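In what follows, subunit A forms one complex with subunit B and a second complex with subunit C.
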Partner chain A sequence: MKETSLHELTEKLIGTEIKAELLRLFHTNPGILDTVEGVARRVGRMRKDIETEILTLVELGVLRKERFGDLDIVSLNTSKDREILKKVAELIKGGVKG
Partner chain B sequence: MRVPTGISELDGMLHGGLMRGDVTLVVGSAGTGKTTLGLQYLVNGATKFRENGLYITFEHMPAQIYRDAANFGWDIRKLEAEGKLRVVCTSPEVLVKFVESRNPIDPIIAEINAKRIVIDSISHLEASIPRSKLRGELYRLINHLKMKELTSIFTAESHEVFGNRLMVTGVGLSFLVDCIILLRIVEVQSSLKKALTVFKIRGTDHDKQLREFEITSEGIKIGIPFKELEGVLTGTPRRTTEERFAEAFLKAARKGR
Partner chain C sequence: MYTQEAEAFLEGEKAPRWKLEPSESYMVIEEQPERAFEIFEEHLLYGWRGLCITRQHPKQLCKRYNIENAQVFWLTELKEENTVKDLLEISLLIGKFVESTKSGIVLLDGLEYLASRYDFDAVYQFIQNKRSQVAKAEAILLVPVHPKTFPEEKRALLERELKSLLQCFENAISQMLGEGVKKALLERLEKDTGLKRDELIGHTDVLTRNLKEIFGGSALVLERMIMKQIYTELGLDIPPQDLDIRKPIVKWTPIERNKPT
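Entry: the complex of A and B
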C-alpha cells in the first residue's frame, strides 16, 4: 500500500461503476452482512455482474468474505476501510502522484 | 422477571413488560408501526435499561433505519458507536444459519452483549424455508434465542389491512411464540386510526382492551381503549348495542318533547 499512488488506489477502489456502487452501499449501510446474491439485490444488479468486483474489494481488504456452511457472507471490514480512507486522505493532502 | 419495553402504556398492558427470554410476535399490516415498535424497544433497552440490542432487518437498509429513527430523536449510529445497539441487514437464508454452531450472528451478540433482539420481519423466512419445514425451523430458531436468554420481538406482516382474519405464516407460528401484540388499522367515523391489543401472553395475565395508538415524533404513544365501539378488530367497528340503544332512546325522548 505504501508505494501506491492516489491514481492506482482510486482505480482499485472505484475503477468501475459497480465497485463505486458497492463502496457506496457498504459505507452508507455498514451493517450489511449478506450473501453475494443478497448484495447484488441491494444494488439492483445480477450476481454474475458483481462477483469479480466483490473479490477485488475483498483483496483490497475493504470487504470481508467469510464462509459459513454453504454460504459466503460479505461484510464491510470497518478497520481496514478506515485505514484505506485515511490513506486516500493522506495521498490527496500530499498532492496527486502518478 | 419482566423486560420493560419502555413504552409505558404498553408495559402497563403487559403488567410490567415482556417476560424475560420470551418471543413476542408483533403482527400488523404495512404502515401499522411494527418497525417503530421494534426499534423503540431496542432504543429504550439501550438508553433506559442498560440492555443492549440487535436489530435484524431483511428489506430495510440500515441507512433508512438511521434516517427514520432520527425522526423520533433516536441516534442509532451513536448507539452503534457506543456498542449498545447493532443494525444487521441480511437475507433470510443467512438468518437460517443462526442456529448452526458457527454462524455470523453469534459473534455480534457476544460483542455487544445483546439482551434484546428484533427480527424484522419473520415473514421473509417463508421465502427461504420450504413450507413443510417452516414450523420446525421456526421452533428451532425460537429455542436458539431462548437458550441465549434473549428477549425477542419478531415482526410479522398481516396481509389484510382490514378484516377479521389473523393469518401470519399459516404454519402455526402464533402457537410457538409466547406473546402476540396485534396492530390494526381501523376506520372510525371516516378516519383511519391505529389500534393495538395484547392478544396473548403465555402464563400471565394482561390487559385485554383494544387501545388507540399514534406514531408521534417520540415514537409510539398508546391512548385510551376504544370505548362505545365493538368489532374494532374487523377494521370497521360499529357502536355497541348500549350506545345504539342510548342514541335511539335520546332521539325518541327529543321527539316526544
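Entry: the complex of A and C
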C-alpha cells in the first residue's frame, strides 16, 4: 500500500524528465521567480514542452503560478514542497523490508 | 564486427562517451577495475596517450582491452621489463609521463596492493602529490578502488582528493528531491540490498532493481537524471537518449570494417 502511494507520488513529482529537471532547477535555486519562457530557457527547453509539466507541479503544490501585471510568474512553493518531500522520505523509509 | 560506437567514431564523432575533465583525478569504486579500464581504453581510442600501472599481467590485460598503444607497467615484486614495485618508482614514472605528455591519462590499478605494503599516510601523500602533478600537467588520473580496501574514515580522505561516482549519485538525488529524501533512499537501499552505499554504484543491476521497486515507473527518469549528473560532474557529454545504465559501458571490439565479409 505504501509502495503504491510512493509510486503515485513520485510519478506526479518526477514522472517525466522535464519535471525532474524543473524540480532540480527550483531546488538548487529556490529563489527563482520567472515566467514560463524564462524557466524554459533555464532548463534548455521550449515553452510548449514545459507548460503542461509546470501545471502538473502547480496542481501538486510544489510550484506556484501567480499573476503579476501581464505576467504569469512561476516560483517554488517552499512550504508545500518541503511537506511533499518529507512525505516522500517517510514513504521510502516506511517501505524497508523485513 | 564493429560496434555502433566504433562506427560513430569512424564517422567523425570526436568525443568519447566517458570524456573526463583534464586536470582532474577520479576514484572509481568497484570490486573489479572494469569500468576504469573501459574509460581508459576509450580515451586511448580518441587519441589520448596512456600510462597504465596495474596488478594484472599486461599480456592478459591487452587480450581483454584494446590498450596496446599505452605504456603498461606491471606492479609486481618480480624483476622484469616494464615492471614497477614501489611507491617511489611509481611516483617517478607518473611524474615523468604527465610532464612529458600532452593529453595524458594515467590508470593506477593496484592501490590495494600499495596499501598492503605501505601505511595509509604514505599512500595518501602519494595520491595528494600525484593529484597536484596531474592537475598542473592537465592530465587525468583514474584510480579504481575496491570498496572494502580502506576503512570509511580513510576512504573519506581519499575521496577528498579524488572525485567519486557516489558523490555524483548523491548530488543527483539531493538536487532533485532534497537531502531528506537522499538520506532516506540511501538508508533504504543499504537495508534492502545489504550493500554499503559506496558499493551500490558498482552493482548497477541491484541498484536499478531496487530503484524500480521503490519508485516504480519514475525509476527510469531517476536513472536518466543520475546519469546526466554523473556526466555533468565528470565533465562528460550529455548521455545519449538510449543509454541504458544497466548495461556496462560498451567494450571497444577490434574494428574490422575493412575485412572481407
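Here is the rule we use: the second predicted complex is superposed on the first by the 91 of 98 C-alpha atoms of A that agree within 3 Å, B and C clash if a C-alpha of one lies under 4 Å from a C-alpha of the other, contacts with A are read in each partner's own complex, and residues count from 1 in each chain.
Methods note: a residue touches a chain if its C-beta (ideal position, glycine included) is under 8 Å from a C-beta of that chain, and two chains touch if they have at least 3 such contacts.
No experiment lies behind these values; they were computed from the predicted model shown.
*Asks:* Record, for the superposition on subunit A, whether partners subunit B and subunit C clash or fit.
*Replies:* Fit - subunit B and subunit C, as placed by superposing on subunit A, sit side by side.
*Asks:* Of the two partner chains, subunit B (first) and subunit C (second), which one does A:Met46 touch, if any: first, second, both, or neither?
*Replies:* Neither: A:Met46 stays clear of subunit B and subunit C.
*Asks:* By the touch definition at the top of the document, which applies to A:Leu85: first (subunit B), second (subunit C), both, or neither?
*Replies:* In the superposed model, A:Leu85 contacts subunit C only, not subunit B.
*Asks:* Which partner does A:Leu6 contact after superposing on A: first (subunit B), second (subunit C), both, neither?
*Replies:* A:Leu6 contacts subunit C only, not subunit B.
*Asks:* Between subunit B (first) and subunit C (second), which, if any, makes contact with A:Lys93: first, second, both or neither?
*Replies:* Second partner only.
*Asks:* What is the C-alpha-centre angle with subunit A at the apex and subunit B, subunit C at the ends, nearest 10 degrees?
*Replies:* 80
*Asks:* According to the stated criteria, A:Leu55 is in contact with first (subunit B), second (subunit C), both, or neither; which is it?
*Replies:* neither
*Asks:* Of subunit B and subunit C, which one touches more residues of subunit A?
*Replies:* Of subunit B and subunit C, the partner in contact with more residues of subunit A is C.
*Asks:* Taking the superposition as given, does A:Glu37 touch the first partner, subunit B, the second, subunit C, both, or neither?
*Replies:* A:Glu37: touches subunit B, not subunit C.
*Asks:* Which partner does A:Arg24 contact after superposing on A: first (subunit B), second (subunit C), both, neither?
*Replies:* Once the two structures are laid over each other on A, A:Arg24 reaches subunit C alone.
*Asks:* Working from the superposed arrangement, determine the closest approach of subunit B to subunit C, counting only CA atoms, in whole Å.
*Replies:* 11
*Asks:* For subunit A, which residues belong to both interfaces, subunit B and subunit C?
*Replies:* Shared contact residues on subunit A: 28.
*Asks:* Within their complex, state which residues of subunit A touch subunit C.
*Replies:* The contact residues of subunit A facing subunit C are 3, 6-7, 10-11, 13-17, 19-21, 23-24, 27-28, 82, 85-86, 88-90, 92-93, 95-97.
*Asks:* Please name which positions on subunit A make contact with subunit B in the complex.
*Replies:* 28-35, 37-38, 41-42, 66, 68-69, 71, 73, 75
*Asks:* Across the complex, what residues on subunit B touch subunit A?
*Replies:* Touch residues, subunit B against subunit A: 61-63, 80, 86-91, 93-94, 97, 100, 102-104.
*Asks:* Which part of subunit C faces subunit A closely enough to touch in the complex?
*Replies:* 175-178, 180-181, 183-185, 187-188, 191-192, 213-218, 221-222, 224-225
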